[in-house]
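The following blocks contain the structures, represented as structure tokens.
There are two complexes below, and they share chain A, which is joined by chain B in the first and by chain C in the second.
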Partner chain A sequence: MRSIDLAKTPLRELNQGLHALKDGTNETEWEVLNPRGQHAIAAGVDAPVNVNIRGAVGYYCAGMNKQATVVVHGSSGPGTAENMMSGQVIVKGDASQYAGATGRGGMLVIEGNASSRCGISMKGIDIIVRGNIGHMSAFMAQTGNLVVLGDAGDALGDSIYEAKLYVRGSVKSLGADCIEKEMRPEHHEALSALLKKAGVDGVKTSEFKRYGSSRKLYNFNIDNADAY
Partner chain B sequence: MTYHNPPTTPRKSATFDDYTLSEIRRAAQTGIYDIRGAGAKRKLPHFDDLLFLGASMSRYPLEGYRERCSTAVTLGTRYAKKPIELKTPITIAGMSFGALSGNAKEALGRGATLAGTSTTTGDGGMTPEERGHSEKLVYQYLPSRYGMNPDDLRRADAIELVVGQGAKPGGGGMLLGQKISDRVAEMRTLPKGIDQRSSCRHPDWTGPDDLEIKILELREITDWEKPIYIKVGGARPYYDVALAVKAGADVVVVDGMQGGTAATQEVFIEHVGQPTLACIRPAVQALQDLGMHRKVQLIVSGGIRNGADVAKALALGADAVAVGTAALVALGDNDPALEDEYRKLGTTAGAYDDWHEGRDPAGITTQNPELAQRLDPVRAGRRLANYLKVMTLELQTIARAAGHNHVHNLEPEDLCALTLEAAAMARVPLAGTSWIPGQGNF
Partner chain C sequence: MCGIVGLFLKNKALEPKLGEMTATMLATMCERGPDSAGFAIYGDAKSGKAKITLQSPQPDKDFAGLAKAVGDKIGKAVSLEVKSTHAVLTCPAADVDAARAAVREITPTIRVMGRGDVIEIYKKVGYPTEVASRFDLKSMTGTHAIGHTRMATESAVTTLGAHPFSTGPDQCLVHNGSLSNHNNLRRELIRDGMIFETANDSEVAAAYLTWRMNQGLNLGQALERSLEDLDGFFTFVVGTKNGFGVVRDPIACKPAVLAETDDYVAFGSEYRALAGLPGIENARVWEPEPATVYFWER
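Now for the complex of A and B:
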């Protein structure tokens, strides 16, 4: 296992080392010590490796991740796993604003709470939050799934496109063009698979409500101007 | 009926002119604001209001075609391991696949490459054709993040982080349903045929302190190789440029209100932002105040049409310029040869700006395969290269006449202004005087 202590080693050296990894590398286990809130830790990794970060991280941890499994054993700052392409990112603590922003694939699991704008502009990522999420989450969310075991804040799914939102608790308010939708069998099935993949036990899919786009704002109509 | 005796000529209002009246009727009829492409069409103080003094007794000129006048420019020298080297300071501005046809994007890449300069992606991601035909490709990082991925970031020669653009500082992208074809929809991860409005703010940073961290992330992902540009619309150029430098930009792009867009509200294009001429000196002042002029390079865009405009922008302190609208015209946009077809669209060659409708008879601003096929990317690329080379020659002609062996040696002292407005904005003397309005010497 490679162990990098960021109290002694510059961030650049860590990320350069991770970027140098190729498919089939033997160096599949990495540990990062003393992250101390540094930004862009393990950003841009493109190899099937495990990176365990022991402590809290700053902005954009695991940004644009491909293939790797990155675990933050602490809380994470804004933009965690932004634009993730594939792989898995797990935050053991809470995540700040814009977690999973514009993510295109892979799975982001936040074991604590996520702040505002979780899943903003998401484009295919699956995000599972065990706690609550803040306001304006899934703003302009295009595709992918956002699963919240706790409550959602104001204006959930504002201007949403085709992403699917599943919330187990309360939703303070829905944003423009976002409505509650029927949980059909295929949604129970899909949600069940997501919960299983995220390692969530003891929760029934029947406890969730589904939200998505009413598609009324897809083409401009002056009579809908009050909705904006 | 009102009789005048003797009769008087019917008098139209200067306030309620024909265009204004037609716009009121259009709004009343349709219930929607007017959307169009291109930049501000109103009359603005511009480079035409400046003149070069030329060399005479106090300075001597260089011999045309014999004494060397270099046009080479290097962009991204501040932090990037691999700065961009260009043969000419005239670059191609960001324009998206989606707004433009695949053939048009290919032609821009071909033309820029032949002329030794760079071209730029737009709000829709990087296409393989574009990358393949562009020797130097700048990859835009936009609020929508359509098509954004780390592989294309690493394939790019530079990254342009777009905060705003001159046609609509404070506005986001717009691509209406007619142009959301299957391929465009797939690249943007959107349903086909919807009216797509991309956001005006980035999803994962707010303000220059966050931006500094965002830039750190992009540098880390690309191993500090790529120059990072920050593009701003002509809003508050002094502060915007200063903050871009603070955020860690290698290059700052300032786009004035004549800069084009693929589609936005007419009211936005004509009423928000500052003229290009008004933006340059405050931008340069910010760089000078921070001791970063020529260390962080400045690219100016918005209404650059010829070598004289380039020379004037450079003389005022820019390192390079970018052309968008003019490049499309060089490809064949608004060509009078297509007048019959423009008439059918209710317009005329030179005025066609409904680029959002996707019915461009020149095959440039469309996703209709039949129309797009009309543009031969090889021929159009050659035309663009010719145009870029002519502008470069014009730029050299002026620089030599002013006695400079590099176009970056052009300076404000080479210029005078024809109008008070231009003198104040460009901070050069009114012709025949030593007076720079706003700088004292009343």
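Now for the complex of A and C:
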């Protein structure tokens, strides 16, 4: 196992080491010590490796992640796993603003709470939050799934496209064009698979409500022409 | 951007280390605000005395003989401690307004940074670590401190445009963000007798809170009202003689992290500012909610 102590090693050296990894590398286990809130730790990794970060991280941790599993044993700053492509990112604590923003694939698991704008403009990523999420989450979310075991803040799913939102607790308010939708058998099945993949036990899919787009903003409504 | 740090001590044993801890926190926020920096330190109260923090672009000339001149003018003994471009004038508490007026009359080039029983304010254009060492922040002691690193957006990069802003006795405010209704509000506050030193939006927020507290509200209540009356982006950290408050606008784009232990409450624009604090591993660390007032008083 490679253990990198950021109290002694520059962050750039860690990230360059991670970026140099190729498919089939034998250096598959990495540990990062003393992150102390530094930015962009393990951002841009593109190899099937495990990175365990022992402590709290700052902005953009594991951004653009491909293939790797990155575990933050602490809380994370704004833009966690932003634009993730594949792989898995797990935050053991809380995540700050816009976690998983614009993510295209892979799974982001936040074991604590996520703050505002979680999953903003998500494009295929699956996000599972064990706690609560803040306001304006899933704003303009395009595809993928956002699963919340706790409560959601104001304006959930504002101007949403085709992402699927599952919330177990309360929703403070829904954003424009976001509505509650029926949980059909295929949704129970999909949600069950997501929970299983995220390692969430003891929660029934029947405890969740599903939200998505009412598709009224997709096309211009001619009756509104006078408003412009 | 801009960076904010704040530290409100609950454990008296840490008071000798307040400056050192604040300097460490401020140094982590240099990239967020490299153009200027400032800090307010709430030190020990001396019975019956008040302090006025002064700043001069020509300190050698302006501060020489100032204590005697002010003392003669108000008919009381005053003392002056010079720190680089700043000086702290200590006078009898009852004569603080007279002393302030005397300074202005004797040396118009001197600017008043703040006044009160315990507050001292230092700010300057320059890289934050240089500003902190220029004033020897590390050696300062006290109960609470608020620091700011500035990346200017709304007004010029000058010492007066740097934070904290102090618009009332022992009060100060630092701001990350930008206000959109500050011109209107400034006009209204001027009509109500508030005095402004700059064209800066953050000074309006500081004066607004002073104005509210002059009406009899406490810090927490004044912050609640600011959510109704201020428009724009803001994370504010404010200090009073015995209080420390935090509020974010309802959109809450500007970052903020709070930490609390039995020994202190600490604020940072990001976790890096808190990483060096004692016992942070076991502190309660959280992101303050939008449009929610947090405040502590001793």
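Heads up, the rule we're going with is that the second predicted complex is superposed on the first by the 221 of 228 C-alpha atoms of A that agree within 3 Å, B and C clash if a C-alpha of one lies under 4 Å from a C-alpha of the other, contacts with A are read in each partner's own complex, and residues count from 1 in each chain.
Assume a residue touches a chain if its C-beta (ideal position, glycine included) is under 8 Å from a C-beta of that chain, and two chains touch if they have at least 3 such contacts.
Just so we're clear, the structure is a prediction, and the values are computed from it rather than from any experiment.
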item: Chain B versus chain C as contact partner of A:121, first or second or both or neither; value: first
item: Partner chain(s) touched by A:203 [first = chain B, second = chain C, both, neither]; value: neither
item: Chain A residues touched by each partner, larger count belonging to chain B or chain C; value: B
item: First (chain B), second (chain C), both or neither touched by A:75; value: second
item: Chain B versus chain C as contact partner of A:179, first or second or both or neither; value: neither
item: Partner chain in contact with A:58 - chain B first, chain C second, else both or neither; value: both
item: Doubly contacted residues of chain A, that is, touched by chain B and again by chain C; value: 58-59, 78, 97
item: Residues of chain A touching chain C in the complex; value: 36-38, 56-59, 75, 77-78, 94, 96-97, 115-116, 134-135
item: Sites on chain A touched by chain B in the complex; value: 11-12, 15-16, 19, 39-40, 43-44, 46, 58-60, 63-64, 66, 78-79, 82-83, 85, 97-98, 101-102, 104, 117, 120-121, 123-124, 139-140, 142-143, 161-162, 218-220, 222-223
item: Chain A-touching residues of chain B, taken from the complex the two chains share; value: 31-32, 144-145, 148-150, 153, 177, 189-191, 193-195, 199, 203-205, 210, 213-214, 216-217, 220-224
item: Residues of chain C defined as touching chain A within the complex; value: 252-253, 255, 257, 270-276, 285-287, 289-290
